[in-house]
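Next up, some structures in C-alpha cells.
Paired with subunit B in one complex and with subunit C in the other, subunit A is shared by the two complexes that follow.
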Partner chain A sequence: MMEDQEEKGNAENGIGRQKQVKDEYLLQFLDSLDGYLTLLDSLSSTLSQGWLELASARHAMGASRINGALLDLKVHAAATSLKVSEQDVDSMESQPCFTLCKWASSDNGERSSGEEKSLSPQLRHRNNSQLSEEKVSTRTGTPLILVDQQRQKSLSVFGVLVSPKLRSAQLSFERALETLVEIANLHTTMLSMFEQVHKELENTNG
Partner chain B sequence: MYGFEAMTFNIHGGYLEAIVRGYRAGLLTAADYNNLCQCETLDDIKMHLSATEYGPYLQNEPSPLHTTTIVEKCTLKLVDEYKHMLCQATEPLSTFLEYITYGHMIDNVVLIVTGTLHERDVQELLEKCHPLGMFDSIATLAVAQNMRELYRLVLVDTPLAPYFSECITSEDLDDMNIEIMRNTLYKAYLEDFYKFCQKLGGATAEIMSDLLAFEADRRAVNITINSIGTELTRDDRRKLYSNFGLLYPYGHEELAVCEDIDQVRGVMEKYPPYQSIFSKLSYGESQMLDKAFYEEEFHYGVFFAYMRLREQEIRNLMWISECVAQNQKSRVHDSVVFIF
Partner chain C sequence: MAGRAQIPTKSSALIAMIADEFGVVLLCWDTVTGFLLAGVGNVDLRRKTNYLIVDSKTTVKAIEDAFKEFTTKEDIAIVLISQYVANMIRFLVDSYNKPIPAILEIPSKDHPYDPAHDSVLSRVKNLFSAESVASGRR
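On to the complex of A and B.
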C-alpha cells in the first residue's frame, strides 16, 4: 500500500515536472515571438527614417550629388561582413548564429554588440546608437575615431563635404542592419523553441 | 531708380523682361502647394500638376510614376524657358544668362569625374547631368587622369577655363581633391559673376550684388556645416569661402574655427539679416529673390531671381513627391519653402 502510494507520488511528480518543462518551452517560444514582432516593427521604422533622411540629403545637396551612378564599382573589401557560426543548443542539435562585423576594414575590426546579442534571445532596447557605439568601443578598445573614419570613407563616394542628413541616413541604415541580424538570430531561436514545443506535444499525445 | 535704365533698357531687354515676368506669374501658389501636400499618391500629384504649367510635360508619363521622373520633367520646362530667353537675348544679357548656368556646369564636371573615378559608364553619368550645365566636350572628361589633363583636354575651351588657374596640379584625382576642386571652381565662378554684374552697373549691379552676396554667405555656411567632423583643415575651409558677402571677412574667420552647429548659429546671429532666418535660410533666400521682381524694373536681376525661384520650386516638388511616395506626409512641411 505504502509502496503504491509512493509510486503514485513519484508519477505525479514526474508529470508535474514534464508540465513545467512544457510550460517553460512555451513561454520561451512566446517570448521569442514577441521579441521577433517587436524587432520587425523597429526595423520598419528605422528604415522609414533612413529613407526619409536620404531624401532630405538629396533635397539639400541636389540629385546630381546623391544618386546611384556615383556608387563605386571598383573591387574593394566590404566594410561590413556577416559571420555565420553553429551554436550548440543541446547535444543533439545546433542552430545557426549570426554575427555582424562592422567596419571590418579598420585595424582592430570592431565587433558590433550583435555578437553579444546573438547569445541571448532576449530583446535589447536601443536608446541611442551613438551611446551603444561608445560602449562597444570601450569594451573592445576600438577607438571611435577609427569607426568615424570608416563611416566618412564609405560616404566619400558622394563627396567629402556632405550634408549632416546623409550622415544621419548612414547611421539609420547601420542600425537597421544590426536589427536585421538580431531578427535573424531571434528567428532561429523562435524556430528552435517551436520545434521543442511541438516535440513535447507529440510526446504527450503519444 | 539707380540710373537712367528706364530710357534704354527696353530697347534690348524689354521683351525678355516682360517674358520673364510672365513666367514668374506661372510659379506655383500657396493654394497649389496646399493641394499637393494633401495628395495620397504620385498620380494624384501628376493630376494636380496637370492644371499648372507643368501639365504638358507630365501628361504623357505612364504610371507608376517615380519621383525622379517628376523632377526630370519639371526641369525640362525650366530648360525650355531658359533656352527661349537665351536665344532671344543680346549682349550683355546673353552673357548674364550664361553665367547663371555655370554652377550646373561645375556640378556636371564633378559628377563625370567622380563617376569615372568609380569606374561608372560615361553614358550612365551623362543621363544624370543637369541639362542646363551641358557642353559639347563633356563626355571627354572621362579620359582625364589628373586636373592638369582635365584642363588641357577639355575645360580649356569651356567658360570654366578661367576658374581653373587655382586648381591645376598634377595630383591624381581622388575624393578630397575633387571636393576641393568643386568648391574652388564655384568660389571663382561666384566672384567672376559678381565682378561682371558690377561692370554692368546700375540697378543690375545693386540688386545682383545683394543676391550674390547672399549666395556666397549661404555657401560659406553650408561648407562650414558639412565640413564639421571631416579631415578638412581650418585653413582649407577658409580658402573655400568667397571673398565677398556680408560675412566677409570677419564672419568667415569665425566660421572657419567652428566645430559644431551651435557655434555656427552663434556666428550667424551676430549679423542682423541672418538672426531670424538662420533656421529658415532657404525661405529668406526665396523672399529676397521674389523682392527682385517687385522692387525695381529694368535690371537683369529678374532673370537670375526667376531661375533660382523655379529651381527652388522643383526642389519643393521633389520633397513633396518623396514624402508622398514614402507615406511620410506629416514631414512635408519640414523642407518645403513657400515662395508666396
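On to the complex of A and C.
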C-alpha cells in the first residue's frame, strides 16, 4: 500500500516536472515572439525615418547627385560586417549568435578599429587579440576618428559636400542595422524554442 | 558531441540584401542605398555585389537566382529581403530552413511589414491552429 502510494507520488512529480519544462519552453517562445514583433515595429520606424531623410537629402542636393549611377562598383570590402559565434542552448543543440562590427574593415584587408556591438547578453567572445586591442582603444576614444573617416568615405560616393540630411540618413540606417542584428538573434532563439514546443506538442499528441 | 548540429563560426561575414523599390526611377533604391551608406556594401574581385536592387524590370527568376546565390555563399550571415519581394518567391523562402544565413523579411518604403506574411510567424500560426483543431476533436 505504502509502495503504491510512493509510486503514485513519484509519477505525479514526474508529470509535474514535465509540465513545468513544457511551460518554460512555451514561455520562452512567447517572450521571443513578443520581442521579435516589438523590434520589427521599431525597425519600421527607424527605416521610415531613414527614407524620409534620404528623400530630404535628395531634395536638397538634387536628383543628379543622388542616383543609382553613383553606386560604388569598384572592388571593395564591406566596412560593416558580422561576427558569427556559437551559443549553447543545451547539451544537444547550439544556435548562431550574431554580432555587428560597424566600420571595422578597410579596403586593404587589414581590420581597422571599429565599433563592435554585442547585442546578445549570452554571447561567448572568442579570444582575439586584435579585438581586445580594439576594445581598449575604444575606451580611449581613438577609433571614433577612424569610424568617422569610414563614414565620410561612404558618404563621399555622393560628393564631398553632402547635405546634413544624408548624414542623418546614414546614422538612421546604422541604427536599423543594429536593430536587424538584434532581430536576427531573436529570430534564431524563436526558431529554436518553436522547435522545442513543436516537439513537446507532438509528444503529447503521440 | 554526437547529434549536435555544428554552427559555422565566422569572424567577418556579410549582410546580403534583396530590396524592392517599385515606382518612379528616382526612388527605386532607397533601402539598398541607405544600407550601403551604413557600410554593408561589398564588391568582390569578380565585381559581384552582395545586393540586388529589384525594380519593375527584375524578373522572378533573377530574384530566385539571387536568393539561391546569397543563401549558399559561405561568407554571408544574414540576408535582408523586402517582404514584398519575398512574397514573389514565397515558396523558396518558406522552404529555406538553415540557421545561417538568417533570412530577415523587412518592410519597404511602399509596402509596410505584414506579420501575416512573415515566413516564421505563418509557420507558428499554422502549428497553433492545427493544435487547436486537434484538441477540439479530442
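Basically, the second predicted complex is superposed on the first by the 163 of 206 C-alpha atoms of A that agree within 3 Å, B and C clash if a C-alpha of one lies under 4 Å from a C-alpha of the other, contacts with A are read in each partner's own complex, and residues count from 1 in each chain.
One rule holds in what follows: a residue touches a chain if its C-beta (ideal position, glycine included) is under 8 Å from a C-beta of that chain, and two chains touch if they have at least 3 such contacts.
All of these numbers come straight from a predicted model, not from anything done at the bench.
Asker: Between subunit B (first) and subunit C (second), which, if any, makes contact with A:Arg65: first, second, both or neither?
Answerer: In the superposition, A:Arg65 contacts subunit B only.
Asker: In the overlaid three-chain picture, which partner chain does A:Trp51 touch, first (subunit B) or second (subunit C), both, or neither?
Answerer: The answer is both, since A:Trp51 touches subunit B and subunit C.
Asker: After superposition on the shared chain, which partner residues are touched by A:Glu174: those of subunit B (first), subunit C (second), both, or neither?
Answerer: Once the two structures are laid over each other on A, A:Glu174 reaches subunit C alone.
Asker: In the three-chain superposition, say which chain, subunit B or subunit C, touches more residues of subunit A.
Answerer: For subunit A, the partner with the higher number of touched residues is C.
Asker: Identify the partner contact of A:Leu27: answer first if only subunit B is touched, second if only subunit C is, both if each is, neither if none is.
Answerer: In the superposition, A:Leu27 touches no partner, neither subunit B nor subunit C.
Asker: In the superposed arrangement, which partner chain does A:Trp103 touch: subunit B (first), subunit C (second), both, or neither?
Answerer: second
Asker: Pick one for A:Pro164: touches subunit B only (first), subunit C only (second), both, or neither.
Answerer: A:Pro164: touches subunit B, not subunit C.
Asker: Scan A:Ile145 for contacts with subunit B and subunit C and give back first, second, both or neither.
Answerer: neither
Asker: Once the structures are superposed on A, label A:Gln95 by its partner contacts, choosing first (subunit B), second (subunit C), both or neither.
Answerer: The answer is second: A:Gln95 touches subunit C but not subunit B.
Asker: Is A:Lys74 in contact with subunit B, with subunit C, with both, or with neither (first, second, both, neither)?
Answerer: In the superposition, A:Lys74 touches subunit B and subunit C alike.
Asker: From the superposed pair, tell me which subunit A residues show up as contacts to subunit B and also as contacts to subunit C.
Answerer: The answer is residues 51, 55, 58, 63, 67, 71-74, 157 of subunit A.
Asker: Going by the contact rule set out above, which residues of subunit B touch subunit A in the complex?
Answerer: Answer in residue numbers: 68, 71, 107-108, 110-111, 114-115, 118-120, 124-125, 127-130, 175-176, 178-179, 182-183, 222-223, 225-232, 261, 315, 318-319, 322-323, 326-328, 331, 334-335.
Asker: Given the complex with subunit C, which residues does subunit A contribute to the contact?
Answerer: Contact set of subunit A toward subunit C: 33, 37, 40, 43-44, 47, 50-51, 54-55, 58, 63, 66-68, 71-86, 91-96, 98, 101-103, 105, 111, 126, 128, 150-151, 154-155, 157, 166, 169-170, 172-174, 176-177, 180-181, 183-184, 187-188, 190-191, 194, 197-198, 201, 205.
Asker: Could you please specify the touching residues of subunit C with respect to subunit A in the complex?
Answerer: Interface residues on the subunit C side: 1, 3-15, 26-31, 33-45, 47, 49-50, 53, 77-78, 80, 99-100, 102, 104, 106-107, 109, 112-113, 115, 120-121, 123-124, 127, 131, 134.
Asker: Taking the complex as given, what residues does subunit A use to touch subunit B?
Answerer: 48, 51-52, 55-56, 58-59, 62-65, 67, 69-74, 148, 152, 156-157, 159-164
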